[in-house]
Amino acid sequence: MVVPLISIILLCPLAAFAIFALLGLAKRSFPRQDLLSTAAMLIALGCSLYLLKEVVPKPEPHTVDWISLGKITFSMGFYLDIVTVIMLIVVTLVSSLVHIFSIGYMHGDPRYPRFFAYLSLFSFSMLFLVVSDNLLGIYIGWELVGLCSYLLIGFWFEKDSAANACKKAFLTTRVGDVGMFIGMMMLFTRFDTLSLYGDNGIFTRITNPEYLTADASGIFWLSIAGVLIFCGAIGKSAQVPLHTWLPDAMEGPTPVSALIHAATMVAAGVYLTARMFPILTPSSSLVIAYVGGITALVAATIAIVRFDIKRVLAYSTVSQLGYMMLAIGAGSYVAGLFHLTTHAFFKALLFLGSGSVIHAFHAMHAHHDEEHTDDNEHEHDNHGLVHAHGSEIPPDQDMRNMGGLRRKMPWTFGTMLVATLSISGVPFFFSGFWSKDAILAGALGKAMVSHSPHYYILFGMALIAAGITAFYMFRLIFMTFFGEPRNQEMHDMAHESPWVMVVPLLVLAVLSFPVVNPIWFNDYVKPPPQPHIHAPQHAQLGPDTKTGDANSGFAFFGISEAEAAEEESGKNTEKANDVYRIYKLSHNIAMVLSICIAGLGILLSWLFYHRRKFSAESVATTFRPVYNLFWNKYYFDEFYDGVLVALTVWKSRLFAKFDLSIIDGIVNGVATITRQIFAAFIGFFDNRVVDGIVNRVAEVTWAAGGRIRRIQTGAIQTYLFVVLGGIVLIILIFRAL
Amino acid sequence: MEFTLKTFIFYGFALLTIASALAVVTVRNIVHAAFALMVTLFGVAGLYVFLQADFLAATQVIVYVGGILVLILFGVMMTSGRLEMRIHIERGQLLLGGGISLALLMLLLTVIANTPKWENLTDDGTAFAPTTERIGVLILKEHFLLPFEVASVLLLVALIGAALISRKEVRE
Amino acid sequence: MSLQHYLVISAILFSLGIFAVLTRKNAISILMGIELILNSCNLNFVAFSRFVTPPENIDGQIIAIFGIVLAAAEAAVFLAIILAIYREFGSIRPDEVDTLKG
Amino acid sequence: MLLSLMIFVPLLGMIVVLLLPRESEELIKRVALVFTLIPLILAVYLYMTYNQPDLEHLWKQDVPWIDTFNIQYHVGIDGLSAILILLTALLGPICVLASWRNIEKGIKAYMALFLLLETGMLGFFAALDLFLFFVFFELTLLPMYFLIGVWGGPRREYAAIKFFLYTLFGSVLMLVAIIAVYLNSGIPDDRTFDIPTLITLAGTPGHALADPVFQRWIFAGFFIGFAVKVPIFPFHTWLPDAHVEAPTAISVILAGVLLKMGTYGLVRINMDMLPEGMAFFTNGVGFIGNSLALLGFINIVYGSFCALAQTDFKKLVAYSSIGHMGFVILGLAAGNETGVTGAILQMFNHGVISAMLFLLVGVLYDRAHHREIDGFGGLGNRMPVYTGITVLAFMASLGLPGLSGFIGEAFSLLGAYERFQTLAILSTIGIVVGAAYFLWTLQRVFLGTLNPKYEELPEINRREILTLVPLGILTIVLGIWPHFAIEMFSETVTELTTKIMGTLEASL
């Protein structure tokens, strides 16, 4: 059943796109592309849910030979374990909801059918990525989602900003992809395959000394490969330093932001890293954890000062993705994936909610464009700050135009509040709390077990980021829904969205409660073994004790790694219990700390933006350098545009000039020299000697002809004389002979 | 070779032929030349009789004397008019032409004299058989039919051509 | 009356014809010369036919008949040409008709 | 027999076209189309039967030609030539269709020359006699010279003469090498031009042809001849000029087939016949040992960067061709199964994709009468179908997985990484830059606000779509299931790479 079901899941959205593309060639379009695409997604969702039943503990990949070259065979296939199914469900569910939401949101757009076709193509690519059992397949899906992301960010390509953003997104991710490709080349060269699972897969061969020795050089090599593969994830999941494309990607329609740039595609990086979990070594894990931690912190700080509602959410996404990376880097495989799942729902909800708000304001867009741009500039002057990108914020996305919307749009407000509570880590009733807590606990536990200062630092970063997250998310809520309307005219026009948009919000809001039960998650999702992490504390672990009691709090996320270690080998029961105890302890510490810091963040936000006890402006003025740094996004864009892009373009011009002037110059120069020198001689020779001879011959012939023609008297008798005389002579001569 | 009446007549014809031919090429008056030519043609016809070619002799007389010669005389009349009846001959040309002709004659005679195959081929005195019927059969029935037809076409073409060339331009 | 007799007569006629063609300054005289040449040829044909081939073979005579036909045609065309030349140049002196002069 | 038929049918078509009156242009075009469709039909039949032993006799012919020098008319097929013949035969009718409206003068001569060109190309890929090989190689040169020089753009004479001289320069060296091979192939009465025989001789230890030093020199001679054609840096500057000036269909043939003649020659002669020479230049020892891979790398990076700087749409595509051919060189230099497979796939795919790109440029040029990238803008709104196809072609060209361009590039790199790690890694720069220039072009031409000058620009028409659709389908199909192409030549590649790798190992 597995293969047909997956095939249906893949083919439904692909067919929806294919119908659009083929009719497009004939310059037509299907009358209800929206319903077609949505139906395709719903079918895929149904199949994905059904697939839950088909999961087996030790699945085998279902493969076909794709390319066979003598010894080497590249296969393509599906691999279905619980993680795959969870991803399938997340993708199809969010995608279906986004489809439904878009029916309302995109209504009236001139390219309405195309939007749905692109969404279908994206869904196909994403699902293909998820179910692939090998790196090549993942890479194919990986790039295809990149293409869809490109197409959808640039959906309103008439806007220059959108055109720039889509190009930037594609190129930036491509830089990461090249790293991933190099990683693939390394793995392929070493293992002669790109399959991950099965007897000939990389994960089997990785323990085979024939392919990889477990000594220092082998581990070092594997670390490099792991980090390179992770480069792909850095690009796709918008980790520092390749994160800059994601905020710009907000130029796309908001449902796209929700689906691609919050819930699914950007999470593909996390998914990939999780898939590659078995090849991660201590060093590459640490790199991943640091990248994740830094990303979480950097993005969160930037988010504080944004005014564009979508940018705030975008940076929030980057930050949360950093969290997930941190989790996987710290070995908390399950926590990372759990956060991926919960985040997909509540972040999609936040984006769709913001879409609902933008939709409410959208009608105003046209005739208020100009004056609000002026307003923005005015405000910047008040701040006395250079806002390089400030004036680009469309008025319908600018939080400074909002406020007091909670009465106008109660459903949107309610659902967004749920999501905000969830992302901020408000305890116990929201899924985000559990997943975030698990990550913090995992990092702290890892630190305590390994006694590594790195993980303490990372834990600290994650904790601060959690606090900041709570702060800016509530800032968003307060600025948008509370207080007095800042722009009365726009406020008057605002209205609650139609039911096709509200229903998806409600569904997602339900999913933001711990519907995805952490206990269930922990029971089913097991981290794969990491054969090359031979941390000393694991080496002596005993076989022990499955007993980690499931009721004693929520320590299981941390335990998961310990359990994995236990299964592997070792004798020392005591040590195992030790580790278990440490993780449990770390979890308790982490929970208390995270509740405290989330509360602190919310409180500050309330004081700043609701009660107005403090003025954000004055704080900004006080810490102007820091503010400037945040406002300018740590100058990443400036660095890239000013240095990397400029350098590349300069280099290309240099090359082109080199080509034109040096290479072609040499060629033309050789030609010229040949012509000038060689040809001058030849020309002389030609003129004087060859032509001279020709001319002489011609002259002689001319002169001779002038004389000889007199023989032609024109009188027949003369000719006869000559002829007969000639005959006589000839005969006489021959007779004489 | 016994000297019979037959030989006498033969030599008579031969002499007549050659003498009149000489007259053709030497006399200055073109009309006289034409008449001398007539005599030559008669002579040749006589020689044909000696060669037992009776039909040919008759044809020679009828066609040449009756046809061609009259044609020539018409030509003389139409071109020369009254003034140009005399034929001009330049001395140098005369000498040169005479030389070449003489050389040619000597050459031919040498060839005739020095070809052994041709010696002693005398008139064996076979009985005369009329040739007219055989010629008729050969031309109209056997392998000379095609040449005959071709020759008649040629004649036709020549006559039409002659008429075309000699008529006055209609356009003018 | 052997073959050689006829050949000698024929050769003399031929030479005289050539002489006329070469020296005469009147186109009609030239025509007469040509007629002489043709006659000498015919005479040759008939003579060879009589003496060389078997008696019943008279192909030579037939060739001679064709020769006469040819002569007639030639005479007709020649005179026509002479008339045309006469109209064009006002003369039938061959040395005056030298348009082909190089 | 069928193979000879396929080669000479276009020539017959040329004669027919020449016999037609100059005025009946429609008829001439139709006749040319028919005479290019026949090889295509035969090529499809070839695709279906090339590996059936009982039909093998259909696809080869060997008759004496010039006995004095033991030159034969020997043509035959293996996997590599079959796929390139298929490509040539496919592009033939497409080019005729692409020339349907935009050749304004002398359509008769144009079609006649084009058909002659097709004969030359098909013959080149099928030739199994060195002399015949050279004759067909040169036979493509002449029509090409006239096609560029007469029907080209404003600087056509310059471009045509440059193309001609460059190629001639290369082919002179090649001719010297051919003669050297001939003279060393045996005793005076037993010399041969026959390629299979020569390959056997070159593999016979102790034979003059098997001498490593001899092979190196011959390798260099052939290599320069083919390098001009590929073109390999620094012999590449004829390409942008020729492309820019040539009419659309000729650019398509130039990029689609003529460049492949160079790489085909490299495989057929340099690799198959001269493994010792190949080993010397690719053994990875020192500068010389890396030289072939290095050239591939330079081509990739240099071509890509130059493309990034271009403002002329067609020139950009031309430079991108240089970059993409670099992958072929890199893959061939690797000499292993993955690399060579990738290289051959890349040859075919580049033929298809660059043909699409040039056709697309031609469509735009026919409408706007200029090719300045910055002079457009926002066409995506005005011409959605055209934009869609362009996106497909661009994506295929920049190596988007799922489209055929990716497989060739990826396999070339995978293969190259095994042998030349650093160069393979550095070559990936080309992937990023490749994406950069295509996306930048896409943005400048199709995205943004519509340039008011082009508000009335007509959408791509049926005929143009017809020329593009087969190529587009091939791009997608081969991207999804490259086995369709690979199965054609996998045996050939296995044999070849076994020999190369064996020689390499022996030489190290």
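Here are a few things to note about the model shown:
Should a chain be cited, it is by its letter among A, B, C and D, assigned in written order, with residues numbered from 1 in that chain.
Just so it is clear, a residue touches a chain if its C-beta (ideal position, glycine included) is under 8 Å from a C-beta of that chain, and two chains touch if they have at least 3 such contacts.
From a predicted model like this one, the values you see are computed outputs, not experimental measurements.
Here the chain at the heart of the shown protein, by mean C-alpha position, is D. We define each chain's centre as the mean of its Cα atoms; on that basis chain C and chain D are separated by 78 Å. Distance between chain centres (mean CA atoms), chain A to chain D: 34 Å.
Once the centre of each chain is set as its mean CA position, chain B and chain C turn out to be 7 Å apart. Each chain gets a centre from the mean of its Cα atoms; for chain A and chain C, those two points are 110 Å apart.
Among the residues of chain A, those touching two or more other chains are numbered 717, 721, 724.
Counting partners per residue, chain C has 18, 22-23 as the residues that reach two or more other chains.
Along chain B, residues 93, 96-97, 100, 104 each make contact with two or more other chains. Pairs of chains meeting the touch criterion: A-B, A-C, A-D, B-C. Across the interface of their complex, chain B is touched by residues 717, 721, 724-725, 728, 731-732 of chain A. Partner chain B is touched in their complex by these residues of chain C: 1-9, 11-20, 22-29, 31-33, 35-36, 39, 42-43, 46-47, 49-52, 55-56, 58-59, 61-62, 64-66, 68-77, 79-84, 86-87, 92-93. Of all residues in chain B, those touching chain C in their complex are 1, 6-7, 10, 14, 17-18, 21-22, 24-25, 30, 33-34, 37, 40-41, 44, 47-48, 50-53, 55-56, 59-60, 63-64, 67-68, 71-72, 74-76, 78-80, 84, 87-90, 93-94, 96-98, 100-102, 104-105, 108-109, 112-113, 118-123, 126, 129, 131, 134-135, 138-139, 144, 147, 151, 154-155, 158-159, 161-166, 168. For chain B in complex with chain A, the residues that touch the partner chain are 93, 96-97, 100, 103-104, 107. Put simply, chain A touches chain C in their complex at residues 708-717, 720-721, 724.
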